[in-house]
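In this document, chain identifiers A, B, C and D correspond to the written order of the chains, with residue numbering beginning at 1 in each.
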Amino acid sequence: MGKGRVEAFSDGVMAVAITLLAFNLHAGVRSKVALATQIREQWPSFAAYVLSFCIIGVIWLNHHYLFQLTNRIDRRLMLVNLLLLLFVVTIPYVTATYADYALDTGADARTAVLLYGAVMEGMAISRFLIPLHILRAGLNHVPIPPGQARKLLWRYGFAPLIFPVTTALALLTSAPMMLVFHALVVAYYLGPGMRPIMSDPEEK
Amino acid sequence: MGKGRVEAFSDGVMAVAITLLAFNLHAGVRSKVALATQIREQWPSFAAYVLSFCIIGVIWLNHHYLFQLTNRIDRRLMLVNLLLLLFVVTIPYVTATYADYALDTGADARTAVLLYGAVMEGMAISRFLIPLHILRAGLNHVPIPPGQARKLLWRYGFAPLIFPVTTALALLTSAPMMLVFHALVVAYYLGPGMRPIMSDPEEK
Amino acid sequence: MGKGRVEAFSDGVMAVAITLLAFNLHAGVRSKVALATQIREQWPSFAAYVLSFCIIGVIWLNHHYLFQLTNRIDRRLMLVNLLLLLFVVTIPYVTATYADYALDTGADARTAVLLYGAVMEGMAISRFLIPLHILRAGLNHVPIPPGQARKLLWRYGFAPLIFPVTTALALLTSAPMMLVFHALVVAYYLGPGMRPIMSDPEEK
Amino acid sequence: MGKGRVEAFSDGVMAVAITLLAFNLHAGVRSKVALATQIREQWPSFAAYVLSFCIIGVIWLNHHYLFQLTNRIDRRLMLVNLLLLLFVVTIPYVTATYADYALDTGADARTAVLLYGAVMEGMAISRFLIPLHILRAGLNHVPIPPGQARKLLWRYGFAPLIFPVTTALALLTSAPMMLVFHALVVAYYLGPGMRPIMSDPEEK
């Protein structure tokens, strides 16, 4: 099946999801509270917006990188890709829910952290299935030596292992701390986790 | 007419529609009900989200497959494609309506099931018109033997025959059962209905 | 300037605008009115959705056709294209406003008809400027004989002349009649107005 | 890394953001105020819509222009591009906030102007980083003489210098005047600021 349309459709879904994140930002015009105060009090919305923007940005960067490894897309890769998008599309929802309840002190803040963590986990697992399937089904168009294949699987297998940890840490500390823990994961994927594992096949 | 832009526009519409599905998910922040309870009680929204995501995903997969059969797009195919998109765009609306009324016990739940079924039927008929027109007008760029043409028409002609049945079964049983009946149709299209009927023309 | 990205951006904007049209459709779940009654009473929303979907569909078809005439895009064509998109983006808004007030009997229904008509006129004028500028600046990549150039200008110059008429007729009769008058314009552009004026340059 | 998908994703994000601008336009159907009066009183929404549409339009035109200078995209350019999109996505939010408070006479109008100005500044700085990085890392695929490089940097370095000025002027005069001051910046980028600095590499 053609790779171009799979990428175009995925790009479209991720572009819409990343843009809808800003829908959670809004000022209540009829509120009697000063606008400056409203904005200050909504800081979890702004922080969660930046975090989720970076997360979808990272997913897109990774998607871009992983689909460069192959130019042959089979049915299973198509399904795994749809599964990834199923989770990506819910990110604006869990971001909004998190922002609404992050300053809550009771059980609701923990529920919101769990919900966000569950979607991250689902996303991370389905993202991991992409390189796993490419390697297993031999869909890569340049040979990938075993050492580099292992590196590749570790890079994307790391996320499903770390998100339960960051989520648990946020549950043990506080909901706003989730932003810090998840930001560290993002920092990894925007820094060392963005380095090419093998020489870029399209660069040749 | 150029095939690239027709695919790009259709991909764009389907990507936006599939992403807007998650707009039906939301937690009422000022509600006094615990967030965990709200999420549990909103299970039809989550289930309907997954069903409709899969349905739009299947439509996109089918669209991808059917447009690979041709590289010549005439005016009628353009119109049939717009008709398909007209129904696709309403899927977030009927999904939201279904989710809002699925747990209702009266006539409203049945109305919501009927509304969802009507859009599925309109979508299925217009999707069927795509291979029908490609074959009748000879727009296919590789010859399709009669046996395979018949298979192709049956695969997409099956949906407009089955949606009235699944809708009627849901009306006879209960609104939540609609999810099960429609999920079976989705399972067919993600499983056996995804197998290539002829050797993929773009693979050659 | 590259034509590909201009088309991709325009396709994206039109795809989002056409999908957002369905946002005007919604059922008030807390309403005490039966869902079936709500849907019946909202018929102007459904009718306006279909009309505006067809109008954006036609704009996309025309855009596709007009940009096939050229493969050289200068700054002015870029600006004219942005002007067209400025009006396209407001179509969901004027559609929602029209649907909300169409059954009103007072001045508000007429205001809504005028608003819809004003956006149609702005869209039609900027769409007309596209072939006008292509011909004047000689951006066409195959020669267009004077007779065909005149035909081309008439086809797209017809809309800015007819929308004031359909709008005036709706003001003289009733707001719901606007749907009928505008549907006739759509019928022209989906029928005879879709026929190629010259042999399609990309077909060669 | 492939340039095509970076452009496609950026086009998608900008297309969604520009279309969501019109979401700020709405008429309160249950309001007792005449629709014509509502529309007149909402003039800041319409004016802000046109301004922000032009601003996103300009960003897209500049993006298009700047990415034509290179066909090699490194990690840092990818990150700078995501930073630009992070600000672009918030434009519908600051536009809505500005429109809601522009006619206010107190501190809220000034807060809204500051918020709009802050997003413009963030956008302008990240946009400036694109040519800066292309030149520093030598990603340009045709040589750019020093004189033209200086011109290029001035064109995009001008915006981060001018937005604090236009914002300060609006704070000193009145919130509605912000539309005029920012419109002058837009006029520069749609006029002289659109002229090619060097012969277009794709034209050759």
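The rule is simple: a contact is a pair of C-beta atoms (placed from the backbone, for glycine too) under 8 Å apart; a residue touches a chain by one contact, two chains touch by 3 or more.
Keep in mind the model is a prediction, meaning the values are calculated, not measured.
Participant: Farthest chain from chain D, comparing Cα centres?
Facilitator: Max centre-to-centre separation from chain D belongs to B.
Participant: Do the two copies chain C and chain D share over half of their interface residue numbers, or under half; same or different?
Facilitator: Because under half of the interface numbers appear in both copies, chain D and chain C meet with different residues.
Participant: So what angle, to the nearest 5 degrees, turns chain A so that its CA atoms land on those of chain D?
Facilitator: 90
Participant: Report the inter-centroid distance (CA atoms only) between chain C and chain D in whole Å.
Facilitator: 26
Participant: Which integer distance in Å separates the CA centroid of chain B from that of chain D?
Facilitator: 37
Participant: Spell out, as numbers or ranges, the residues of chain C touching 2 or more other chains.
Facilitator: 8, 12, 15-16, 20
Participant: Once bound in the complex, which stretches of chain D touch chain C?
Facilitator: For this pair, the touching residues of chain D are 7-8, 11-12, 14-16, 18-23, 25-27, 29, 34-36, 39, 49-50, 53-54, 57, 60-61, 64-65, 68, 190, 194-195, 200, 202.
Participant: Provide the residue numbers of chain A that touch chain B in the complex, in ascending order.
Facilitator: 1-2, 5-6, 8-9, 12-13, 15-17, 20, 75, 78-79, 82, 85-86, 89-90, 92-93, 96-97, 100-101, 107-108, 111-112, 115
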